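All remarks here apply to the structure that follows.
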Amino acid sequence: MTSGSGLLVADLVGVAVFAASGASAGVVKRLDLFGVAFVGFAAALGGGILRDLAIGAVPPLAFADWRYPVTAVLASMAVFWLHPTLNRVRRTVLLLDAAGLGLFTATGTLKALAAGVPPVGACLLGMLTAIGGGLARDLLTGQIPVVLRSEIYAVVALGGAILITVLHTLGFAGPLPLVGAAALMTGVRLLALYRRWSAPVAAP
Amino acid sequence: MTSGSGLLVADLVGVAVFAASGASAGVVKRLDLFGVAFVGFAAALGGGILRDLAIGAVPPLAFADWRYPVTAVLASMAVFWLHPTLNRVRRTVLLLDAAGLGLFTATGTLKALAAGVPPVGACLLGMLTAIGGGLARDLLTGQIPVVLRSEIYAVVALGGAILITVLHTLGFAGPLPLVGAAALMTGVRLLALYRRWSAPVAAP
Amino acid sequence: MTSGSGLLVADLVGVAVFAASGASAGVVKRLDLFGVAFVGFAAALGGGILRDLAIGAVPPLAFADWRYPVTAVLASMAVFWLHPTLNRVRRTVLLLDAAGLGLFTATGTLKALAAGVPPVGACLLGMLTAIGGGLARDLLTGQIPVVLRSEIYAVVALGGAILITVLHTLGFAGPLPLVGAAALMTGVRLLALYRRWSAPVAAP
C-alpha cells in the first residue's frame, strides 16, 4: 500500500494482526484449517480488495503482491495451532489491532486520494479499508458485524480519514503526517477500549 | 446516475428512501449510531456500487459524488432519532420505496446499456441496482434477504428493466420513456403490495 | 471463459451444476421462485464475477454473455419444479459438481494468468472462481459457508490451481494440460467424497 520498506513492514504487521482476528473467529466457529485460513485472509485483505476495486487498481494488491496473502495465511495458521495460548497475549493482540486500524485507514485514505477520488469518497474508502475485513470476517462466521453494534472503532477510522484528507488538502506530504495520524487513531482506539466508550443506540 | 437536475433530485430521493429502510432495519437490530448509518449507506448505495464496478465506472458514484453518501447518512440519522414516529408514516415510506425501486431500476439499466453491456446483462444489472441495497441491508443485519423470500419486488424490477431495454433498442431516447417505465414499475409494485401478490414457492 | 466451443459446453455444464446446487439450497430455505433463481445465479456466477472484477474484465462474463445467466436461470427453474425427484439423482449431481470444481478452477486460474496476475494471486483467484459461488449461496441462505467447515473441497481447487500455474510457467499451453488438471481435480474430489476425507479442526 506504500512504497517505503518501513511502511511495508508496518502494512504486513497490520495484515498479520487482522488475519489473526479473523482466524480466531474461525477457530471459535469450529471451522477446519482451510476455513480458518480463508477467514483470516478475508479479514486481513477484504477491506483492501474492496478499496482497490473501487479505485480501479486491478488486480488488487492482495492478488498482485504475494507477500500480502502469504502473511495472512501464515498468521492464520499460527492462530490455528497456538490459539490456546493466545488468551494470555490478548492485550497484545488488541494493541496490534489498534495499530492496524490506524495504519490501514491512513494508507487506504491516501491511496484513494492519490487515485483521484474526491475528499468525501476518499474518507469513506479509507474507513472501509480498515473495517471491511472485520465485516467480511463476521459475515463469513454468521454474525452481525461487531463494528456495527458496539465500541468506538469505525468512528475512529472515519475521524482519522478526515484528518488525513484535511492534511493532504492543506499540502502536507511525506510520511510524517501519515504516521502521526495513524498513531493518533491508535491512541484514541486504545483509550476507547480502556474507558469502554461506545456509540449511542436508538431509543426503543 | 443521470445528468438532469430534476433526475438528480429524484435519484437522491431514492437514496434517502433506501437509506431509511436500511437504517430502520439497523435500529430494530439495536445497532449503534454508526451501525445504523452504515447499514443505511449500504442499503442506499450498495446496488449502485456493484453496478458501477461491473461496468468499470470507478470510483463508483457513491464515492465520486459527495451528495450521494451525505444524503444516505442524513436520512439514516433522521431515522435513528425519529423512528418512534415513523410507524405513523409507514404508508409514505412504502410509497417512496416503490418510487425508489422504479427509479433505481431505470437509471441502472440505462447506465449499463450506455456502458455497452449487452441487453441481458443490462437487465440483470438494472435489477441488481434496485435490489442490491436491500440484499446488503439484510445480510448485514443477519437475515435471509426478504427480496428472495416473499413479495413481488425483484420481479417488478426485472420486468421494468426488460421494458426499458426494449424501448432503448427500438430507439426511444430522452427522459420520457425512462420516467414512464419508472412510474409503471412504481404502480405495479404498489398494486402488488395492495393485493398481496407473491411469487410461488416450490412444492415440499 | 475459454474460446473453444467444446470448452464453452463444459463451462456451461459447470454453470448449470453450480446453479442447481444454489437452487437446491434456496428450495430448502423455502425461497420463492425468484429467490431460487437468484441464489442459483449467484452460486453459478458469483465466483466468476469476483474474478472478472479483480482482473479488470468488465463487464464480467455473467453480464457480457447471455448464455451464462440464461443457463443458470434455466437450471435453477428445473430444480424448482423437479426437486422432489432430485434425491434419486444425487450421485449424479455430486459427480457434476466435482466436474464443475475442476473446470472452474482451471479456467479461472488461466484467465488470471493471461490477465497478468502473478502466480500466487492467480492461484487464489482460480480457487475463488470455484468456491466463490458456494460462498455466495451459503451467505444468501443464512449459513456459515460449508466450504469453510468441512470436506476437502477448496483445498482440491487450490492444489489444482497451483498445478496449472506450474504447468503454465513451464510453458505447457493448449487445452491438454487444462483438461488433465481439471480431470485430476475432479478425481481427487470424488475420492475425498468417497473416503470422507476432511481437513483438521483446531484443538479445543
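Chains: A, B and C, in written order; residue numbering restarts at 1 for each.
Heads up, the rule we're going with is that a contact is a pair of C-beta atoms (placed from the backbone, for glycine too) under 8 Å apart; a residue touches a chain by one contact, two chains touch by 3 or more.
Note that the coordinates shown come from a computational prediction; the quantities given were computed from them, not determined experimentally.
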Chain contact graph, described as a line, ring, star, complete graph or other shape: complete
Rigid-body rotation angle, subunit B and subunit A, from Cα fit (steps of 5°): 120
Numbering shared by both copies at the subunit C-subunit B contact, with half separating same from different: different
Distance between the centres, which are taken as Cα means, of subunit C and subunit B, whole angstrom: 29
Where subunit A touches two or more other chains at once, by residue number: 53, 56, 139, 142
Of all residues in subunit C, those that touch subunit B in their complex: 26-27, 29-36, 38-39, 49, 53, 56, 58-60, 62-66, 69-70, 80-81, 83-84, 139-142
Contact set on subunit C toward subunit A in their complex: 53-56, 112, 115-122, 124-125, 135, 139, 142-145, 147-150, 154-155, 198-203
